[in-house]
Each structure stands twice: as structure tokens, then as C-alpha cells.
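Below you'll find a set of structures to go through.
Shared between the two complexes below is subunit A, which has subunit B as its partner in the first and subunit C in the second.
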Partner chain A sequence: MLRVSKALAVAVLLSAGAAHAQTVTMAMSSAPTSVDPHYHTFNPNETLDLHIFDRLVERDTQSNPIPGLATSWKLLDDTTWEVKLRQDVKFHDGSPFTAADVVYNFDRIPKVVNSPGSFAIYTKTVIAMEVPDPYTIRMKTAAIYPILPVDMSNIFIIPKGLGPNPATEDFNSGKNAIGTGAYRLVSYKNGDRAELERNDAWWGPKPHWQHISIRMIANDGARTAALLAGDVQFIEFVPTADAARLKSDKRVALAEIASQRIIYLWLDHSRTGTPVFITGPNGETLEKNPLNDVRVREALSIAINRPAIVDRVMEGAAYPAGQFVAKGSWGYDPSHDAPVYDVAKAKALLAQAGFPNGFRITLHGPNDRYVNDGKIIQAIGQMWTRIGVQTSVDAITWPNYVGRTNKQEFAAYLLGWGFTEASNPLRSLIYTFSPAKGWGAVNRGRYSNPTFDALVDKAMTTGDDAAREKVVIAATKVAMDDVAVIPLHVQKNIWAMKAGLTYAARADEDTRVMDLRPQ
Partner chain B sequence: MREETPFRRFVSEFAASKVAVIGFVVVVIVALLALLAPLLAPQNPYDLAQLDIMDGRLAPGAKSLTGMVFWLGTDDQGRDMLSGIMYGLRISLSVGVGSAVIAGVVGSSLGLLAAYVGGWVETAIMRLVDLQLSFPAILVALMILAFLGKGVGNVMLALVIVEWARYARTARGAALVERRREYIEAAECLALPQWRVLFRHLLPNCMPPLIVIGTIQVARAITLEATLSFLGLGVPITEPSLGLLIANGYQYMLSGKYWISFYPGIALLVTIVAINLMGDQLRDVLNPRLQR
Partner chain C sequence: MTTWLLRRLVQAVFVMLAMTVIVFVGVNVIGDPVEILISPDADQAERLRVIAAFGLDKPLWEQYLHFLGGVVQGDLGKSFVFNEPALRLIGGRFPATMELAFTAVALSVIVGIPLGLYAGLKPDGLLGRAIMAGSILGFSLPTFWVGLMLIMVFAVQLGWLPSTGRGTTAEFLGIQWSFLTRDGLAHMVMPATNLALGNIALVLRLTRAGVRENLGLEYVKFARAKGLSPSRVLFVHVMKNIMIPVVTVIGLEFGSVVAFAVVTESVFAWPGMGKLIIDSINVLDRPVIVAYLMMIVVLFVTINLLVDLMYTVLDPRVRLDGRE
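Right after this comes the complex of A and B.
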């Protein structure tokens, strides 16, 4: 506390009167688990660390890779990336940033002790590194790997001067919290607050705020209340129920954007014979799983009034979806906007598929995981019942629920998926379940389509970004034409701030106070 | 006074308190509303086909797309609050009364047995009662439901498990006094079977305190069920009880849509208060030490 007040006093003295204008207090929605940027792949850690440390590759608001500590990158051959580094960059301790620091970071990441979520998933594809000069680095991968720049956008760089495998605790104490970033860490109190001071030697555009005070306020209502009371000027993860109210409040401004978090329904493809949680219209056992018929899947999809769910349940805090990525993002397939709600067509499709009287189904979902999850499945239950598919709705608490989804215990069930890059959901969710390859790892519905798999294979071996986007779009079209899953909506990321400030809303959920400016 | 039957005397003593009579009348009305809900309610709130999300969160008095009037408004799924409350009362009352009766039967039997048999049986039962009562009821119920999963049946089971101990303690206390009386000795001298002594002679004379406990426990069970449902562990989301209706509206309280939580809350409050008013008067009337 003494350190905090000292830091505040310093900030006040330095800016002589104009202090208030240059100090901002921000509330995070959950506390970081450490200041060590290689400790835990966890969004709150990223949000704190991105102020102190830089990455080789940064992301723009739509998550496209842009230069960070690396100024350019290109494929020399199929398995060699050449990365050019920014010159004249200095760490907070004055040491210069060079290629040797990058090598040191790739070496340290797999060695972090007790990491609850290792960053090694982003470094493991690099099998060798060459340093032809201090500002050039060549990275070798075992096979062609076009999304290495995306992986690099997750790695924060610390100076090699910290020595072999510096201890995570020393980052929390501030001793090792040395980066090249826009701010220096002044003090950090786990689960409570962090104080940051501007690094005027930063290579990027000068941030407006001399001093940032970050508070951790996990309770949604308390965070909103702190903003309204003026205790903080900037909050992240505005709850949907408050967003509508804040929008009409003149004291605050909102910034929102489509996130990379899709809410969707799985359908069971794992059974061709008697289905689970599906019976005939009068409760009789069915010989065949109706969900194997694409007409049934399409009927279920177009029976859902997505705009109504977004408007009524999500209170506008989402965009209706017909695929994983949001409109305007890299890899968006223009032929699959959100499916149009059409009860008559849905009934006709069911009749064609041999279910003129529908069937009975139980729709499962969690009730404590995603925004309004229990309410969404109830609304879908109403809509399906209206086309003759008599739907029971069962909402289960997340810890009990998620294990059962992995064992193919349900017929139709709701889940969400967050990602940073468009090919990720295709590879992880829709690709044929192939544990050995590591793809289709979370393909809960066990959808399998060789045409689709071939396209994804092609995408992952295409180095050129533009050519790869075409293949990703083609793969998306195959999966969505076949209604492999039923996309519902893409959640919005919403930030709220004091009126008079503006923030560049980001698809990746990062909160960057550097991007908060007076209007 | 001699010509009066005990029942008449009981009725006249009960009616001496106007408040208790009001409580009784309210309980009867609530029970009728709950019983006749399928006939009286404008909508079946558990039938998803009758709900339309486009009617969601309408204010009291608003009309639906099909022209139906929602006198108490709708919740976020477009469920008529009036129908929701009537059906919710059904669940609340059946869970409350059901669990109180089952817990009463189980608890009183064990309590009587403990008092009558004595020895290690009594020790075992009464230590179990002590153990049970040393845990907060809500905690035990939460644990049971987390383990068993949701559902009206499971809620009742959980409530029986947390409630039986109170009956057992009361029944034992009453039976310890009664069993030293001469009529029990007489029955035993006639070599009547033990179950007959226990249930035909001992039990009826221990009833008054049990009835009082029972009334209070019904109210307690209703509150507990509402709490569990409010926390999302009680009834299924498509068949809301009063607690779940309140929980559904909770997030909208700050945005001015008060009716989703407010009216079920009032219904719950009125029901509980009415039952407790009745229970208080019953306790006074049935307590032999309180002679008026």
C-alpha cells in the first residue's frame, strides 16, 4: 500500500496539476495468475502483460498479424521463416533487444516450472533457430506451418539478462518484470491491483496516460457500479444485462466489436443406429439417427430465429452467425451469413426426410458457463417445438456437463469456442477425430467428411495468406453446407468508459489501455 | 364446556386470533390456486410451444402477439408471470407439504422408536440427529443436489434428509414424557404388541407438538426449495418454481424490469407468512402449558 501511494504521489508531482488528466484507473474482470508472461496462457495475464512486454507479432483489432518487435516476416522455403527484428529497442533496464533475446525466450518457455497452461504450444513447432545477424532470425519448422506468425503473436519477450529460467515469483515482486513495453510495472498486488508508469522510450506511438492503475473487480455488477460511481474510468467485459442500460447513460461510452467466440450447437454424428435422447413423435424408439440426414440438420438450423435470440436473450450483445468467424474477419465465407429463419421450409425439409410429424429430442446445455446459456437453449426449445420437433430442455451445471459432452452422451447440445485464427475451429472442431494427428481433438459430434478434411490439409500446407484464405473459405462452405454444427451467434466484446474517452474495441478480448484516448 | 368436543374447542381457540384466521384463509386460497392452476392459468408455462420469445419481458398489462393479456407481465422467455406463479405455487406447495409429510413420518417414527426402545438404538438415532442438526440445512441440501442432480423428486429427497431430524428430536422429547404415563403401562400390561403400543397409544398423544413442527417445516421447506432453485440447483429451467422465477428476473432488476422477480417474490412472501401465522396460533392452542 505504501508503494502504491508513493507511486501515486510521484505521478501527481511529476505531472504537476495535470495529473488527473494523465492518470487512468481501469477494472479488469478477473485477476491474473502471475506477472510472468510465460507462466499461464490465460487472458487476464495477457491483458496485464501486454502493457509491460511486447510480442514479436502484434494483432490489429480484427486479430490480423501486424508488426511488433518483428518488423517483417516471410517464408524463405516451405519450412523456414525469416523474421526481421526492430532495431534500437531497449528493455526497461536499458539493455538492447536483439535476436539473442528471442532465442532465449523460445528456450525458456518450455522450462517454466508448474505452468498451469504452457506457452510451449506456441514454440514447439520451431525445431531450430539461426541468427545470421543481431536483427534477423530464421526459424525452422518440421513441416510447412503457415500460421507461425499467429503463434508468435502470443509470445511476450523478456530480456536474456534475467539469466537461465528466472523464477516466476520474481516477476510478481517486480524484480524480473522487465520488458520492452509501453509501461513499467511499479507495483503489483495479487488479486487486487497493479500500478504502471509510462515508458517514454517505447518504440510505439506515445500512449496518452502517464500512469495506469489496474484494479481487479471480478463481480460484474460491482465493476459496472465502480464505473458509474467514477471510481474507475474504464472497464472490460461489460455484462450483457448492463450493456443496454449503459448505452442509454450519458455518463459513459461503450466500445463493442464481434469477438472470436462462437456459440453453437453440436449434433450427434457418432451414431447411425438408434440415437440417444431422440425418439419418435410418440416416444417410440427410432432405428436410425435422424441427425445423420442433412435435411434434418438444416431444418433444425433454419428453425432457429437467431435475430430473436440476439435481440431478446442476448439483449443485442451478439451477432447472428452462420459460421465460426465474424463478418469482416479473415476467412469469412460470404455464402454463409446467418441462416434465414423459415418455419415453413424447416417443416417441409423434415417431411422430405421422413419426419412429417417431427420427433422428440432433448437439447442439453450448461447453465453457468456462457452468457445466458440456459436461456438460449430454452428459446431454441420453443422454436424447435414449433416445427414439430418436441424439445425438452436440460440445463446442467458446467462441471457435470462438459465431461458428458466428451463422451457423446447427448443428441444436441450447446457449447462455445474461442479462437485467434480462422482455421483453428475448422481443425479442432470439424476435422475428423484423429487423436494421433492432434486434429479434430475436440470434435465432440464426431462429424467426418473426407472432402472437408482434404481442404483443411491443403489450407495448412499453403504458405501464401491470400491463397490459404480461399481454401479456408472453401472448407468452411463444405462444413456449413453440410450443417456439421449449428452456429448460433458470435458474442460481442464490450468495453465501457467514461464519456469523452474512446477505445478501439478488439476481437481478441485484450484490453490495451494504450488504445484508450480522449476523444 | 363439557358438551364441547375437543375439536370444537380447538376450532374456537384457533379462531380467537383474527390474524391466524386470515392466515388460514390465505393458505386455503393459495392451495386452491395451486391445485386448480391447470384450469385457471391463462397459459401452461411449462409447454414450450405456448411460449414465444418475442413476448419476452413485457410489462404487466401488455398484450401478446396473439392478443392474450399478461396481467403480471412476462419473463425473458415470454412466459406469463401469472401462470408461472400459479404453477410455481404448485411446485412450492407440493414440495413443501410432500417433504414435510415424508420427513414427519420418518422422523417421528425414529424419534418414537428411540424413546420407546432406549439403549443403544436411542443413542445411535439421537447422535445421528445431533450430527444432522449441526450442519446448516442449505449446505447439506446443496451437497445432495450437486450429487444427485436436479429435479423435483431430488429436491424433495434433499429436503427430507435435512428435515427429518427436527421431527425425531421433537417426537422423542414428547414420547419420553408420555411413555411414563399410566396408560402406556396399562397397555404394556395387557401384553399388546409393541408396534401397537407405539403407534396406537404413544403416537397419538405425541401429535400436538409434531403438528406444530410440521406447519413450520412446510414453510421452511418452501423457503429452502426457493433458495435451491434460486441458486440454480432445484427444478429444471423449463419448469420454474417461485425461486427460479425470482432468479430469472434478478439480472433485470437494475434495468427497471421489476415484475419478473417482484411478483413471484410477493407470492412466496405471502404464502410463507400465512403458513407461519397459522403455525404460531396452532402452537399456542396445542400447547397445554399455555392455558388461557
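Right after this comes the complex of A and C.
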């Protein structure tokens, strides 16, 4: 009897071991808000959904558009995109994927009930669709719109069989969570975990893992500890303080890459008269806003020792920046590497601008949003004080902070911006605030420069990618010469995994278990 | 008894009303949920659409009246973030928090009372002193630090216990519970201990103080003179007299453990209500914050009711009507 139970125990252990080899447990840093891929434009949702659903256009690790459910796309004329679809794709419920499904998705997206952030921002440029055959779609836009493929890389496809406007709740229960993706949803528990099983009929290269268990561990320390304890084998958003230590730990391997998240300072361009949070060197009220003077803006920019911030505050987990995109990415302007730190020149510029004794300013920032945000503004405060701009620093919790930035309540303030395509920050952040056009929507500092706007307009009407890149670079140069904002650094994205595994690090913040493999 | 109960219920309703007003005004002052939730890529028109969808374009008093109208019909509103009824969201997390809280309170009774009795009986012994010294650590060490240390030692270094999460759950009465499986229990050990530490120390010190005080009283001397065994004196006579403050504290602490398990739940990634409320506060998800706090008010009122009823059991002289 004893021998039998021993043999049984051994068998159980062995099978557990075999199952384990095909199973991976990963920890996400924040919980998705829904499984419905059209509910909320929110990065954790994207990370969960990309395992279950596919997009027409996918992104490579550098965020360049690559074929997904679409095999090719091209402009037929200025306002018509022709998209060819894969012909061998089936949804998890067995129904074939065709052009009618795409039409259904574009139709459903604006109708999702109570969406806190609608995907309609990516579908609304398409005003009409034609389906000449089941695997071809022609998308009409009102005006020329060269970045439609980029927008399509944000849209997950669900089957039309789900009927008119399927309920968001039914995705969480798994009933509607039917995609074409590499994995099927087995179960989902809001804020806790998701279990996924490999879809062996997937059209892409076969992923290594049979089963994925996704855990939500928001606490940075706990996430790292779970990896070290072996409870999970793969974690995202490794905190910078831990990354330095994990590098020397043999049990763990890291994967890192320059992200597309720029950390930068806004300066208030909205006031020409008396500024807020800025006074003269002795506390006297100023008649006009010193930040209107480009020399002052440049002085503030070159007074910042970016390499020191990257080294000391970010512990190496960032790259100093002089513009929005990272070096080597599409649309990078070679004339604006990170500005060189120069205290003497900064002081001289201030004196030329009529502030030989500097002025007083309050630098605001969040303390719980971006990596080390509170510490970064403290460091900058000290650096600015060194050139005679006496800086007080005020770090505020994000929920309280973000709304105020949009009401132009601050003089200088820190924010971050993540994007997948180089023209995006130009259009959204520093293009003149234009509600009718929908551009400059988050131009919090209300920067406005007609020369720059004209170049962005030109870029957005240039269909050819190479020609558009030249215009994007020219626009970037104009804005950065004018110090529209002060770029600080581009964050690194860092993943950590059990030693023996490798991961293809991505510039976007998606975590794709399909790209995690044994060495 | 009935008037007493009615009075309590009316009080509870007023507390709840006051609380909803505070939350409405408070969340409004803190910031704008739309700014936090919306995609940064959204344009101006999309922002306006979301503001209207959440009803945030209306004046605050109108939003509040609309909310009260829903409450009358048993609808506390839908979460901005999850688009699910706030009550259902909280209900989904409720069992996880409750089992953790029950275990923590049970631990504080099972460990705290015996240690307290011992320390009360042998105040000058080495062990008695050690227990008292240890109890100081119990309530003075910060929970998050102890939690991380527990993980470092027992999960990372020794590998005895799983570091985070709820583990395998089993269904009972239609709800998923961790305490029914071995794996689930293993997952519960550290968070429950972490949550219980402060309460163990509290119960222990109260018990000790009660024992010390009562041992010198006439009735104990009389009982001893009557020839009762020391254990009967301690466990029947003394225990009954020291239980009233202990029960009060355990009752109140149970409420706090449920309401404020936030830190422990975050450190151990325990998917309970504490994590939900903290996340909801971070994104200013007002319907969830309001519903959660209303539930906590109900919980505290219920606990206090139960504690008051316990008094009458422990001490028949206590009258709930408060007649003069």
C-alpha cells in the first residue's frame, strides 16, 4: 500500500513537472478594467487582449506597423486605403474571419456603452467602407490620412457573430471573449487573475506556452518578490531600484529597451501678462510672463543636467532626451540630441532676457505616476536654483494633479507622454489647441506656433512615409529650437524573467507572452 | 429593545447620508475622473462625450440627487472604470476580504488571549516580560514593512510559503473561498498573520491588564477561599469579567480589519475590497467609493449592534434600553 502511494506520488510529481514546463505565470503591474477589447483605451487591457484577439496591423518591437490580420495595405488614391486580409484565419468559435467582421468592428466601436475612453478615436477617420470581396476592404477617409495603419494597430477584432453591440460584461464572463488570437480565455477574475489556454489553430508561429496564468500584482516590491520566490516567472514594469539589483542576480534575466514614453516639462505659454507661480527674485509681482521668452526657456532647459538625473535618480533606466522620440526611431531629428548641460550659458541667456538676478518659480509634478517623478522635480529644482532661478518644488498626487494641468494652473510642471508614432506628440501635445480639428487636445501649456502648425499640417497630408518623415523632422526642429517643452528623458521598459528564458523587449508597453521563450 | 434598535437604524441612515455628501464633495474637490481615465490620445470632442456619459457635466447637486434617486431603488450606480454595478464589484471582492479578516481576528483571539492570560498571571517571569516586549513590536512595526519582510524571509529566502495572491479556491455556497484548499490556506498564512499582528498585541495587552486588575479583587480572593481550583477561578470567574473590553476591541478591530486591510492586500496582491477601494480612489471612481463607504458604515453599525448584544450575554446587568 505504502509502495503504491509512493509510486502514485512520484507519478503525480512527474506529471505536475511536465505540465509546469508548458505553463507560465506572469505578473502584470496593473489590472485591466475589462476583457472587452473595445471598452477602454488603457494599456493593461491591451496587454491582456492581445493574447486573445488580433489586430489588422500589429507592431514590431520598435512599433513599426507589420502585417497582422491584414497582409497588406496601400493607398489607392489620396482618400482610399485598400486592405487585404489573411484568408486562413478562424475565430475561437470556429467561424471564419472575413471583411464583414472588420466592418462589424468599425461599426460597434463607437457604440460601446459607457466607455471611459473610446476606441472611436481610431475609427472615426474612416467615413465609409467597401467590401469588393471577402478578403479585401477599401476604407474611405474624408481627407488624406497617412497614419491609418497606425490607428488600425490599436483595434482588436471580434467576430460579427456576437450580434449587434454585445455587452461588455459578457466579455468578462468569457462568453463573448472570442477572438482569433494565440490564446483562448479560460477564466478571468477582475483585479486578481486571468487564465489562458493556447489556441493551436492560431495562424501565427506556435507560442511555446500551452497555458498562461496572468496575475495582477500592483505593488512593485511584491511583484519583484513573487519573481524571486518563483511564484511567477515573468514580470513587467520592473522598478528601477530593483532592476539595478536584479541585474546581478543569477536566478533572473532582464530584457530592456528604450520606450516611447518621454518625460518632459511643460512651461506655461498661456499667459503673456502676470504669470502664476512666478515672481521676481525678491518675491515681487512680474508684469509679464518670463516663459514667453525663448531665451528663458532655453536657459531652463540647458540648466538641467540630464545625464546626472538618468544616472542618479533613474539609476540608469532612461536615456537623456532632446525631443519626443528616442534616438534611432522613425522621425528622430539629429540636430536635437539631449541639450548639453551648461550653467554659464544658462546664466548668460537669463541676463540677456532681462533677468540677471533670475526669478522665483514653483515647479509642480506628480509623485505617484511616472518612475521617480517626485525625485526628478526635486533634482531639477536644485539645478534651476543654481542658475539663479529660485525654485520651490511641489509634488502632488496624480488624481489631484492631472486635472489642474489641463486648466493651466501651473507655471512649470512635469508630465509624461507615451505614443507609438512620431507625429502623434506633435499633433496632440504642441499643435495649437484646436477643438474643431481635434488637435492639440492635450496642449496643456497652450503652446502655439504657426510655422510649426503648418509643418504638421503638411506632414499629415503627405502619404509617402519617407517624405513625411522629412516633414516630421523639420516640424520637430522648429518646436525644439523654440523650446516648446523641455524634454528630459525617455524611459526604459524593463521586463524580468526566470533565468533561462528570453523576451523580445518592446518599445510600446505591451507584454506579449508569445515573445517569451526558453533560451 | 425595539426602540433601541430603531434608534440605532435611524442613526445609521443619517451617518450614511452625511458620508455620501462628504464623498461627493470630496471627490469633486480632488479632481476629475475623466482626466485620469481617458486615453491621452483622445481629442476634445471625445473628452466632452465621456464627461456627459458619466453625468459629470451636470451641477454637483443634480448629480447627487440623481444618485439618491438611484439609492432609493437599490441602485448605487455603475463604476466609471468597470461599467459594472458598484455593489456587484464590491460583492465580488467581499469574500476574499472577509475570510482574511475572520482568520486574522480568530488568530488574535487564539494567540492573544492565552498569551495575555499568561503574562497577567506571571508578570515578573522571564516569559511574561518577553511576551510584553514582543507585543510592543506587534503594534509598533508598520504593516507594509512586516509584510515585505515576511515575503522576503518565508517566500524568497526559505521558499516555504507562496509570496502573493489567493491561490486555488474552492466553491462553497456559490462563492469562491481560499480556506477550503491546502494551496489557498498556504496563501493565507502570511497575509492573515500580517493583518493579525497588531490585533494580537492589542488583545494580549488588554487581557493582561484585566487579569492583573481582577486578580487583586475581593471576589477572586473569595473564590479562592471557597476552595475553587485556580483554573476555574481564572477561566470562569476572571475571564467573564475581563471579556467586556476585549469583546469591544475585537468587534471594533474586526471592522477596521475589513475596512482597512488595504496595506496588507496591496503587499500580498490579495484581491479583496481594500485593493479595490484604493484603486478606485486613485482613479476617482466615485460610485465605487460611495458604495464601499456606505457598506463599511453598515458593517460598523452591525458590529456595534452585535457587540452590544454580547454585553448583555456577558453581563446580565447591562440593559440595552438604557432605562433610568
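Here is the rule we go by: the second predicted complex is superposed on the first by the 501 of 519 C-alpha atoms of A that agree within 3 Å, B and C clash if a C-alpha of one lies under 4 Å from a C-alpha of the other, contacts with A are read in each partner's own complex, and residues count from 1 in each chain.
Keep this in mind: contacts are C-beta pairs under 8 Å (C-beta built on N, C-alpha and C of every residue); 3 or more make two chains touch, one makes a residue touch a chain.
Values in this document were obtained by computation on a predicted structure and should not be read as measured data.
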Fit-or-clash call for subunit B and subunit C when the two complexes are aligned on subunit A: fit
Superposed model, angle subtended at subunit A by subunit C and subunit B (C-alpha, nearest 10 degrees): 40
First, second, both or neither for A:N219, with subunit B first and subunit C second: second
Subunit B versus subunit C as contact partner of A:M129, first or second or both or neither: neither
First (subunit B), second (subunit C), both or neither touched by A:A474: neither
Subunit A residues touched by each partner, larger count belonging to subunit B or subunit C: C
A:K375 touches, of subunit B and subunit C: first, second, both or neither? first
Which of subunit B and subunit C A:I144 touches, first, second, both or neither: neither
First (subunit B), second (subunit C), both or neither touched by A:A504: neither
Subunit B versus subunit C as contact partner of A:L286, first or second or both or neither: neither
Which superposed partner A:V393 touches (first subunit B, second subunit C, both, neither): first
Where subunit B and subunit C come nearest after superposition, their Cα distance in Å: 8
Touching both subunit C and subunit B, counted on subunit A across the two superposed complexes: 221, 400
List of subunit C residues in touch with subunit A within their complex: 30-47, 49-50, 53-54, 78, 80-84, 89, 92-93, 148, 151-152, 155-156, 159, 162-166, 266-269, 271, 275-276, 279, 281-284
Residues of subunit A touching subunit C in the complex: 31, 33-34, 39-42, 113-118, 120-121, 168-169, 172, 189-193, 215-219, 221-223, 225-226, 228-231, 398-404, 406, 417-419, 424, 428, 435, 438-439, 441-442
Subunit B partner contacts - residues on subunit A that touch it in the complex: 221, 239, 241-242, 244-245, 305, 308-309, 312-313, 367-368, 374-375, 378-379, 381-383, 385-386, 390-397, 400
Complex contacts: residues of subunit B adjacent to subunit A: 48-49, 51-54, 56-57, 76-78, 146, 149-150, 232-233, 236-238, 251-252, 254-255
